[in-house]
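Each of the next two complexes has subunit A plus one other chain: subunit B in the first, subunit C in the second.
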Partner chain A sequence: MTTSWTAIASVTVGVLGTSSIDFTSIPGTYTDLCLKTSLRTNGVGAVTYAFMGMTANGTTSGYSDIHLIGNGSGAGSFSNTGAASYRQSIITNNSIGTANTFSNVDVYIPNYAGSANKSISVDAVNENNGTGAYAILSGNLLSNTSAITSLSIFQLDAQTILQYSTATLFGIKNT
Partner chain B sequence: MAIDNTYQAIATQTLGSATTSLNFNSISGAYTDLVLIVTGSPTAATQGQFLQFNSDTSTNYSTTYIYGDGTSAASTRTSSQTGIQIGNLTSGVQHNTIVQIMNYSNTTTYKTALSRYNNTANSTGAQVGLWRSTAAITSITVYLNSSTFIAGSTFSLYGIKAA
Partner chain C sequence: MAILDKLLRRNTMSEVATAIEVNCATGEVTERPLTAAEITQREADAVAYAAKKAEEDAKAASDAVAKDALLTKLGITADEAKLLLA
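== the complex of A and B ==
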């Protein structure tokens, strides 16, 4: 029986931090991709969280998204169209918040090498033992039929992804 | 680098033409849980997407939903239905649905399924579904309430072993 999940690449951010985490030259030999991240960033203003963006193949147009979000006191929903990235799905803990807290995010990208538009699923949390913590379920679409060969995640306010943040990309085969 | 062999591909189907429903039959009981990944869209309108197990078309299913439509969040439920609703799909919009079916092969408990669907033209959300049967799940049917899946839609079934 085929082993379905294979680790393609993993990144652990070093002491200097980084502006983005990039996966390049992703082979087309899998059916789906799954990206699992643990992230902490510098932020803008006195907020304990920040949103990330993610681009595929360096593409900066044609993204849309819809989100279900809860923060412990209520739930809501918002969406974006005509965006420049898969945005506001991946959340992080900001450095102003509780020390040593990192977000957890699961990104599933089915049929990434196929010829259809790229629909992805994101489940994300940034728990911090206080307010400003969110759970987000997101659906995202890139209206582009090119196979995904690279992914880049970055903070939408161009801040730094901090040390000890991790991101691991898995490939999944259905045969 | 293969990490382990606990998550295994069981079967996959890619539609060559528009199809009303899709079946996985003769599912082995050798796993602990199942994962179903669906991509594609319907040929018409916005459709509910459903699961049935073991060809049971009786009203033995129920579903509880939480979802957001881009403006507000809501939760609802249905009882005594003929299938578990696992998503809402919109024609012309590529979507994905991820379904986890826990402890599917035991013959003691009713079966539950947890799904996540993503449709940027309609809503995103999560559902938990219940099939009131103690039978081991040996087949799965995926269908739409009043449309067909477009050609090129994909359905992949994985098995997860606990040990």
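== the complex of A and C ==
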């Protein structure tokens, strides 16, 4: 079996920043999707990280998630049910953190065009030149069987995604 | 709405909340203002998330107090408790 990756679309945020990055009209011709992000946002509070949310098809209910998290000095887990988005999996660097650094996140979306509920897995880290940077592994579920044709990511504190943040959507095909 | 006001006041990079939208079929990238529905949802998400964070912070503070009280009751330090559990 051969696996091919195709960059479907990519966005780099401009100088004014943005509230969300939306991928629309996602073709249903791939086996899986992978969204790779490098993000920096305004934040709330004296922490160097923040969390993003992601919705599929504009759906704002029926999400649940579970996470493992570590920050170099401690580790833990947490979960959400009844959420309005794939929540607290995609991490972002806050603007009060180390200048010019961005988070790194892989979101894997298997069988996105199928008729099963839509599970995703997320491998995410934020970057910080100091003690305390977070790594998160997450499993998320959207209890909705519609094929995913659009994705939207946004900061959960309703803050701005900053310049030079990037998001690239890949289509993965097994042949 | 005080929490929301606080959140939105810090959103100073752009006067109007916008979305960058990329059409994967055509490759066209557009920047557009959020719709009224999107703004409402964004505000609701922020309020819900702030409430959840406040709940988690309160639980963490409560757990820390309970932990200290238990250590005091047992007459041992946190390091000694770790040894017991190792």
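Just so it is clear, the second predicted complex is superposed on the first by the 170 of 175 C-alpha atoms of A that agree within 3 Å, B and C clash if a C-alpha of one lies under 4 Å from a C-alpha of the other, contacts with A are read in each partner's own complex, and residues count from 1 in each chain.
Operating definition for what follows: a residue touches a chain if its C-beta (ideal position, glycine included) is under 8 Å from a C-beta of that chain, and two chains touch if they have at least 3 such contacts.
Nothing here was measured: the structure is a model prediction, and the numbers come from that model.
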Since both structures carry subunit A, what do subunit B and subunit C do when superposed there: clash or fit?
fit
Thinking of the overlay built on chain A, is A:Gln159 touched by subunit B (first), by subunit C (second), by both, or by neither?
second
Pick one for A:Thr98: touches subunit B only (first), subunit C only (second), both, or neither.
neither
Let me test your reading of the model: by the given contact rule, A:Leu137 touches which partner, first (subunit B), second (subunit C), both or neither?
first
Touching A:Ala75 in the superposition: subunit B (first), subunit C (second), both, neither?
first
Looking at the overlay, does A:Ser121 come into contact with subunit B only (first), subunit C only (second), both, or neither?
first
By the touch definition at the top of the document, which applies to A:Gly53: first (subunit B), second (subunit C), both, or neither?
second
A:Ser38 in the overlay: touching subunit B, subunit C, both, or neither? Say first, second, both or neither.
neither
Quick one: angle from subunit B through subunit A to subunit C, Cα centres, nearest 10°?
120
After fitting on chain A, the minimum C-alpha spacing between subunit B and subunit C in angstrom comes out at 11
Considering only the contact definition stated at the top, list the common interface residues of subunit A for subunit B and subunit C.
78
What residues on subunit B touch subunit A, complex-wise?
1-5, 7-9, 12, 37, 39-40, 66-73, 93-96, 98, 116-120, 122-126, 152, 154, 156, 158
Mind pulling up the subunit A residues that touch subunit B in the complex?
1-7, 31-32, 64-70, 75-79, 108, 110-111, 114-121, 123, 137-141, 170, 172-175
Which residues, counting only subunit A, touch subunit C once they are in their complex?
8-11, 13-14, 16-27, 42, 44, 51, 53, 60, 78, 80, 84-85, 87, 152, 154, 156-160, 162, 169
For the complex, which residues does subunit C have touching subunit A?
4, 6-8, 10-14, 17-27, 29, 31, 34, 38, 41-46, 48-50, 52, 56
